[in-house]
């Protein structure tokens, strides 16, 4: 029932505009893969191409090694959950789920059995006779998933399915989706612009930007070793700190020097780097707040964000550059204080002019 | 305008003047109808002697009894029901299919064809009347039901209305149906058409009313008395106004013909108003 | 209804042959089936008669045969026919009488009845109710109002010892009588159009004006009327198109008389084509009417298009 999906050199144009440029990707069977990227990066288009709702201009898409991009959407053996759910408003939940099975001429008793089973999995037996209009947002979402499950598809496609839910429900549904994947052991492709959804759900994340795939990797790979400056900035909240830097490559590990003389000793191998301008990057949790004068740099606190388990400190360096650091939840630091910032060299990143990234040696 | 939050003397006076004007206008609306109803309840001889007799008894239902007993009004009502009903049904079918086609499907020449259909909105009946009459003469369509129904089927308004309505339905529903293996026709029939019921009601009532009240085409196409529609039939009796049968009888016929449509109006008011407003916001 | 097999069975592409990827929105001839039935009737009953009519207008024709080609002969005869010129004038006169009246009374009623009260709802229903009646009933009602002796008008004048004006037989009043009946019949549509325009004005503008201490007259002049300017133009054009087609009222109330003074163009067409059976000339007259209405319809199209004109 489950299947792998291969996308080979796929491109897509709308008129003169290129939406996807020579994209290749292999999705393993039973994998939960997330397409992550800002709006307009082509992630939804790619999903709709797999579904058959958009044309593939060049390249091929195959499921289990069989080309499917010439097949109509219904014949591809996939199911899709739309952002708006697209439930048939005049049909009961049961009829919504039965419609696709009736269309392939499945016998009634088999349809009923499938609906019963799916309703049980999703704990919505009591909703079967209702119309979508009588359901809450979360229930509708569940029905949309149910409509996909009954088809027992080779793969599930989700197009930002959580974006219409409120925050609390979104978190809960996220967990349920993860459990569902565990249980069905089915290939799932999930499109989102929300990095938290991507991090929590994905086996692998495909970060997309500007017609291209920026990086494919497990959530922790994406987070710890972002392949490009775009990925580093897009994933993680607050966004990674970026500072323009010159590189001192004289010793084994490179040292980053900021404009006003601040130096950070990284654990990035000098001999891997090349000549040119760099951007130094570091996440807020890797910038510790220390007494003034004891860190790599000193700054004046602009803003404090108390998150409970930690405190985000927005400090301004002498040249006006803002750096977000992190302190204990019960931090005593106050706005206007002068604090020291200690950068963790092992967690430092460097980005070249093309956006390419260098990371610390792996231990 | 909103009711004023604070009552100021000048405003109250202005309100009263406006109210008086509106009441005067509504009297102008109602009085002629009441007059007709009054006349229909009187003996002819008494009316001729003194029209003021309308305001007092004796009243009689004799004119209504005569209407039901003698006039061809039932035949005409029957004809009108066949013609209006047939045209309404036909319009709903053609407009729904074409509306879905134009709103959702792609076929060679679609946009050009839609513009031509829109152009049809600007063609008045009178511009095609003469030629249509000649064509129908050649086909021997005059004095038949299809001769009365067919011209109305060429009206673009329904297609325009349904196209707009189909366009307002989210496209994801079609795509979901496509992923559910439904054919184009099944998507139309099972998924989208049930969602257009409000538009169907609006268009249906609009078409029915228009056909019921149509005068010009039935006048020139249905020339035999037993093929008259109610509108034409009623008009034909007006020629012997106030003479042979008497005013009361004519008025009873008018009430008899007008009351049902007014009752229908009161029932379907909401849809009629939507249809009327929708017709102009095109 | 069972069309599961509508999509052809999918065969894997033969080796070496690359099947094109599917495009569900590509133009396809079979989609044409949905619009074909309507287009058939539209073509046969509207487009063909439209061009046939143009063709007829250049011929001397009767019911069953189209005779000789006469070039612009019909049009020349038409514009030398005093009755036709009279009917064109009558039509314009009628439009001039009814359209401003309908627009202004319609606007007045809409302004007064745009409230959420029960009375307003009842009155709205009342003012629109005449619109659902057929022209036959409307003219019957108004003839019985205007008729001497038993007429409502003469009865009312009788109470004051006066004689009612003869709205149907007096040459200078006949068209006005038809116009009154028409306004009574048609007032519902302009009122409804203005009402729907008024309801689209956002409430917060009024609230802001109230906070600015604007009185009712100022609010009307500086907020309400500018917001419905486009609707006003639209109503006027819609009414011009409708009233240009005057036929039933004139035919049933006055037969076009006295002295053709209430004979509109459509009645002229009817007389010429279907009573004198001069189809060619009737067709020519209907082309003239068509051009007049088409100009109004074009104006309407332009007004509807320029949404920017709306405040």
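Note that the chains take the letters A, B and C in the order they are written out, and that residue 1 is the start of every chain.
Note that contacts are C-beta pairs under 8 Å (C-beta built on N, C-alpha and C of every residue); 3 or more make two chains touch, one makes a residue touch a chain.
Not measured: the values here are computed from a predicted model.
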TODO: With contacts defined as at the top, give the pair, B-C or A-B, that has more of them.
DONE: B-C
Task: Distance-maximising chain from chain B - centres being C-alpha averages - done: A
Task: Distance between the centres, which are taken as Cα means, of chain B and chain A, whole angstrom - done: 58
Task: Whole-Å gap between the CA centroids of chain B and chain C - done: 14
Task: Junction residues of chain B - those touching two or more other chains - done: 178, 181, 186
TODO: Check each residue of chain A and list the ones that touch at least two other chains.
DONE: 52-53, 72-75, 103-104
Task: For chain C, residues that touch 2 or more chains besides their own - done: 4, 7, 24, 26
Task: Residues of chain B that touch chain C when the two form their complex - done: 1-5, 11, 14, 18-19, 21-22, 25-26, 28-33, 35-36, 39, 47-48, 51-52, 54, 93-95, 97-98, 100-102, 105-108, 110, 113, 116-117, 120-135, 137-138, 150-151, 153-154, 156, 159, 178, 181, 183-186, 188-189, 209, 212-213, 215-216, 219-220, 230-232, 234-235, 238, 241-242, 247, 250-251, 254, 257-258, 261-262, 264-266, 269, 272-273, 276-277, 280-282
Open item on the list: For the complex, give me every residue of chain C touching chain B.
Closed with: 1, 3-4, 6-7, 24-35, 37-39, 41-42, 44-50, 52-53, 55-56, 61, 63-64, 66, 105, 108-109, 111-115, 123, 125-137, 139-145, 147, 149-152, 154-155, 158, 184, 188-189, 192-193, 196, 206, 210, 216, 219-220, 224, 234-235, 238, 241, 244-245, 247-248, 252, 265-266, 269-270, 273-274, 279, 282-283, 286-287, 289-290, 293-294, 297-298, 301, 304
TODO: Could you please specify the touching residues of chain C with respect to chain A in the complex?
DONE: 4, 7, 10, 12-13, 19-24, 26
Open item on the list: Applying the document's contact rule, which stretches of chain A touch chain B when the two form their complex?
Closed with: 51-53, 72-75, 78-80, 82-84, 86-90, 99-100, 103-104, 147
TODO: Mind listing the chain B positions that touch chain A in their complex?
DONE: 170, 172-173, 175-182, 186, 190-191, 194-195
